[in-house]
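Below you'll find a set of structures to go through.
Here come two complexes built around chain A, the first alongside chain B, the second alongside chain C.
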Partner chain A sequence: MLRFFISFFSSLFQMMIHILTTKKHIIQNVLSIYIKTTGGNISIDIDPKCDVSHIKKMVAPQIGLQPEELKVIFAGKELGDDIIIEECDLGQQSILHVVKIKPGNVQSKISASSTPNSKTLMPLCESLDDLMFSASSGSRTASISIGNETSTSDSLLDEIEVVANNEKSKPKKVHFYVYCPTCKKLTQGKLRVRCHFCKSGAFTVHSDPQNWSHVLESKQITGTCENDSEFCENILQNKEPTFAEFYFKCSEHISLGENDQAVPLDLIRPNLRQLQCLACFEITETIFSFPCEDDHVTCLDCFEAYCKAKLSDRQFWQHPEYGYTLACPSGCANSFIKEIHHFRLLDDEHYERYHRFATEEFVLQSGGLLCPQPGCGMGILADPECIRITCQNCKYVFCRNCLQGYHIGSCDPPEIQETSGTSGDCGTELNCDNRNGAGDDASRTTIKVITKPCPSCKTPTERDGGCMHMVCTRAGCQFHWCWVCQTEWTRECMGDHWFG
Partner chain B sequence: MAVLPRRIIKETQRLMQEPVPGISAVPDDSNARYFHVIVTGPEDSPFEGGLFKLELFLPEDYPMSAPKVRFITKIYHPNIDRLGRICLDILKDKWSPALQIRTVLLSIQALLSAPNPDDPLANDVAELWKVNEIEAIRNAKEWTRRYAMDN
Partner chain C sequence: MTSAMSPSERRLQKELMSLIKDPPPGVSVDAEQAEQNLLQWTIHMEGATGTLYEGESFQLQFKFSNKYPFDSPEVTFVGSNIPVHPHVYSNGHICLSILTDDWSPALSVQAVCLSIVSMLSSCREKQQPPDNAFYVKTCNKNPKKTKWWYHDDSV
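Here is the complex of A and B:
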């Protein structure tokens, strides 16, 4: 009996293994994709080794058309009949667009297929190469004026042979790095295209993007919307052409649909020119390329370390357009990082801190206040006339001018200020984190004894030697003030008590 | 002890192979992050002819934070205090990981050529430097002769 059970379970086990392995086998060989047509979506399973004409043959009968009447569009390109599917960077659940060739457009179809350069019949991810997108910011701006002539890419192709002489003369397929909100990490991205107006993916570009500006800035590359070309062409009474809109998908997880997008991190690039990290001197495969004229780069580890160091010194900068950001470590002009999603490279704890500091800086720069109660720090935008401020979060009532517990009359020097009475109010509130009450009080006393607040932003400041001329260390403030007068630094301070 | 980062190894090698004129920086035998530095007093400065000893330490998070540098030899300079601490922006808020030991020492050498009494650390020295530069320079020369030339 026991033997029977053992053999039964072992055969069951083997069967399960068999099922699992065959299942794996199936996944490797079948690609489940969606075909989007004007009539609706069709789900098909295909062999990645088959070509585009095969797809046309599969789809045509389902929509009542002949295979010759169809165009297959993917990532901004009409795919040539002989393109093999697995060369197209199609992931599971990808969407291919199939449209009927309009009688008037037959001409364009013929001219497209007769183009000698077969690259035009490949999706964009396959036809673009890394070099164009790894150029320095200087040449990137220059190439905007060059436009999208194919001669540009030809000259760039010559260059890559010199640079990457260890590689085959063929340029490397383009690498895009993205922050994927689903995977919650840095991943490789896939470039996709849709119509600027109707957002349909049934869209073909008139020319390939040649650099990051073409991809990131709007209205750079024109194209034809194959979804409803007349509608999209007429939307602005033909005043401007139909433009392509580029976006990115994560290449590491199965697509969750058309809205599953990733943020392009354009400053993270493959290190084609073998540049050295300015901090650790290592040459790594992937680099963070600062947007400065001098091509300063760091490896990704040093970029993270740089962000952490700047964060702990609170030296990020609140840029009016880009947000809370950093510039090139070498202090190059106009080198602020535009896409603040690059700071997603920080671990959760530091990213959370980045986020908090950014919010605080925004509140302060908007004329707001931060609740001074330890553990609270709630941002408060109060009427500028109002001196008695009540925190909505922890209900602490404090004086706008000295950030101490609210008082009647002028602000007292810190030594005379009562600390215990005011902090007690907060403990009864649910929202307020006052678990470390005793430690907080001690810290607060120390801060009061050894620091003076910056007269402009109230940041507690310690003077560790030197003269009386203080410069606020908070990046957004940098107020020059006098340690003795606790007002703005003047020539009188310099003449009278510069050295105390 | 933790492995020495490649950056420190490379910087050290370069300091040995292509030394900066007027500056020597040698790592300590027992601690490769601690450097014995000698800076010669720049020509046409009150420090000319002097050999100034400094110590330089690369903290754990170097190059994300600045090296710690201090004069060991006594020096009469408005930006250097009695304990040898140096008032130099690149050692504080203007530090950048793109700077190196070499650039720091060059900046210190430049500071000796051009004292900056507007951003002082040594109050009394700075005050004299502003009020009576001739006397300040005389003091600096005297201190150089007394403390930086004995060997």
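Here is the complex of A and C:
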């Protein structure tokens, strides 16, 4: 214990000296990071300009080992001794894993010195600035090449370099975009990796992820879990192979620990191929890349405009797997947006509307109905037998079939339903009011009918004057119906009562 | 300069420039008017030579919403000469699917103009739509609110 403190303070002292001898911005140049070891966490402050061997020398005495016995793991890679911390772009409060080298475990260390001019010999860095990343044409999976294996002659890399040469500038920096629940906005993300089984970050990958599916789908890349075997079920049971699990962190706030994750927005990408926004024709740095064969992209402004336009007409689709989503604006096949967090790009007001419509759509698809009161729209899941519906939110009492104030007897437009007066027996359903009669007439007369349900999907529809021909704007419905007949719009309706 | 514009204005500005610079044959835009109000353009269209409309000239009005190009433009014939055509009502409304159901943001004012030119050019008999009188009496002012019973496209 004493030895621990002595070495701790001596290394701290060493570090102070180191800091004091570097001239500029002393305060800003201290990086506080956590070192995670099998013995627990150690918090250290380091100079970003120091190298990995320095960290080993600082940590080794604290855990009773020699520096040569240690291996430092960060984001799925073992860091070579001569890697400068600064090059890894560690954020404040980042976590480095330090483990004892297992005997006979041959690892290919990443070393910055081996071929200094090769950009592929870099650690899997926090902001992935070093990764070459491209939205590949056709296959619609971005290619990520982190490689310490230099052999892969990646045509995508060539492509990027062509772009770069044309611009007479350095190749573009790579960014991942995420939705950060802490910052509550679109931010730049950092790719991280951990053991699929025990979730330990003390994990090295056998190969680098080459595309988005390697990162987003589980069990794509194998690796070695460096966690103590007693803590990792997979090592214990000697299951092979051990898989990596990738996840993302926000790079714009200080890490709040290992559970502080962000959602990858994989369709937001750097515009490496200088594609034009299909809506405003602008070529922007960051694009929204639709998952379609034709590589359709929009700028982020136009993506937002697209969402707003579709939202106002309820033109999102309720996809059975992905949820309430949109496809490519050009109507390409199989182009639905999988990750609905992309709609977080909307401002609060529109995101809230998105959320509400999504809920309503879910209610409708589950056989529920929506309160027809303008401004309410509460989703109600009532017993199908129950005709008299009371909205829990606005207390409006209405008839399930015609969405007008509750009434006894058949609905006003007679075709709709022969409810035969036995409307009150709705059992125990929560949203159903068991009381029959009293007060119903009042609600019927005081509440003016402004909405009628689409005869096909029952979405409350408002009529904004004009003709009697209604078109349901709800995605997937588009039913043409007659306000008067409340049935499908026909040539007869045109002839008899097209106009008011 | 462009940063103050909304995406739809940016798009319209670009379309306007290219239409002024490089208009399709027989088509020209009233640039001054459009520059004053980007959301409403008047386009002059000449009947193509060798067609039933040779020698005639027409005016089209395009109205755009701030959802353009995710929302289709509202396009009608205006002015004193409305083409007599089986897909054009005498109030200027046009029955053309790309103006409603088949609209895509990949289309443009130019593409719409070309479709209308080709619609006119392929006409073999000058004739009003069969339900013209009734439609004109009862329709909504905005042709986009009409459910079009698309006539045979080969006409």
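Simple rule for what comes next: the second predicted complex is superposed on the first by the 325 of 500 C-alpha atoms of A that agree within 3 Å, B and C clash if a C-alpha of one lies under 4 Å from a C-alpha of the other, contacts with A are read in each partner's own complex, and residues count from 1 in each chain.
Here is the rule we go by: a residue touches a chain if its C-beta (ideal position, glycine included) is under 8 Å from a C-beta of that chain, and two chains touch if they have at least 3 such contacts.
Every value quoted in this text rests on a predicted model; they were computed, and no experiment measured them.
In the overlay built on the shared chain, the residue A:278 is in contact with chain B and with chain C.
Touch criterion met: A:301 reaches chain C, while chain B stays clear of it. Within the superposed three-chain model, A:352 lies out of touch with both chain B and chain C [touch as defined at top]. Applying the stated contact rule after C-alpha superposition, one finds that A:330 touches each of chain B and chain C. After overlaying the two complexes on the shared chain, residue contacts for A:473 are found with chain B alone; chain C is out of touch. In the superposition on chain A, contact of A:309 is made with both chain B and chain C. Of the two partner chains, chain C is the only one touched by A:489; chain B is not. When both complexes are aligned on chain A by C-alpha atoms, chain A residues 278-282, 302, 305-306, 308-309, 329-331, 466-467, 498-499 touch chain B in the first and chain C in the second.
Across the interface of their complex, chain B is touched by residues 278-282, 296, 298, 302, 305-306, 308-309, 313, 315, 329-331, 465-467, 473, 498-500 of chain A. Listed in rising order, the residues of chain B touching chain A in the complex are 5-7, 10, 61, 63-65, 81, 85, 87, 93-94, 96-98, 119-121, 123-124, 126-127.
Every residue of chain A that touches chain C in the complex is listed here, in rising order: 278-282, 299, 301-302, 305-306, 308-310, 312, 329-331, 466-467, 469, 471, 480, 489, 494-495, 498-499.
Against chain A, in their complex, chain C makes its touches with residues 2, 6-8, 10-11, 14, 67, 69-71, 104-106, 134, 138-140, 145-147.
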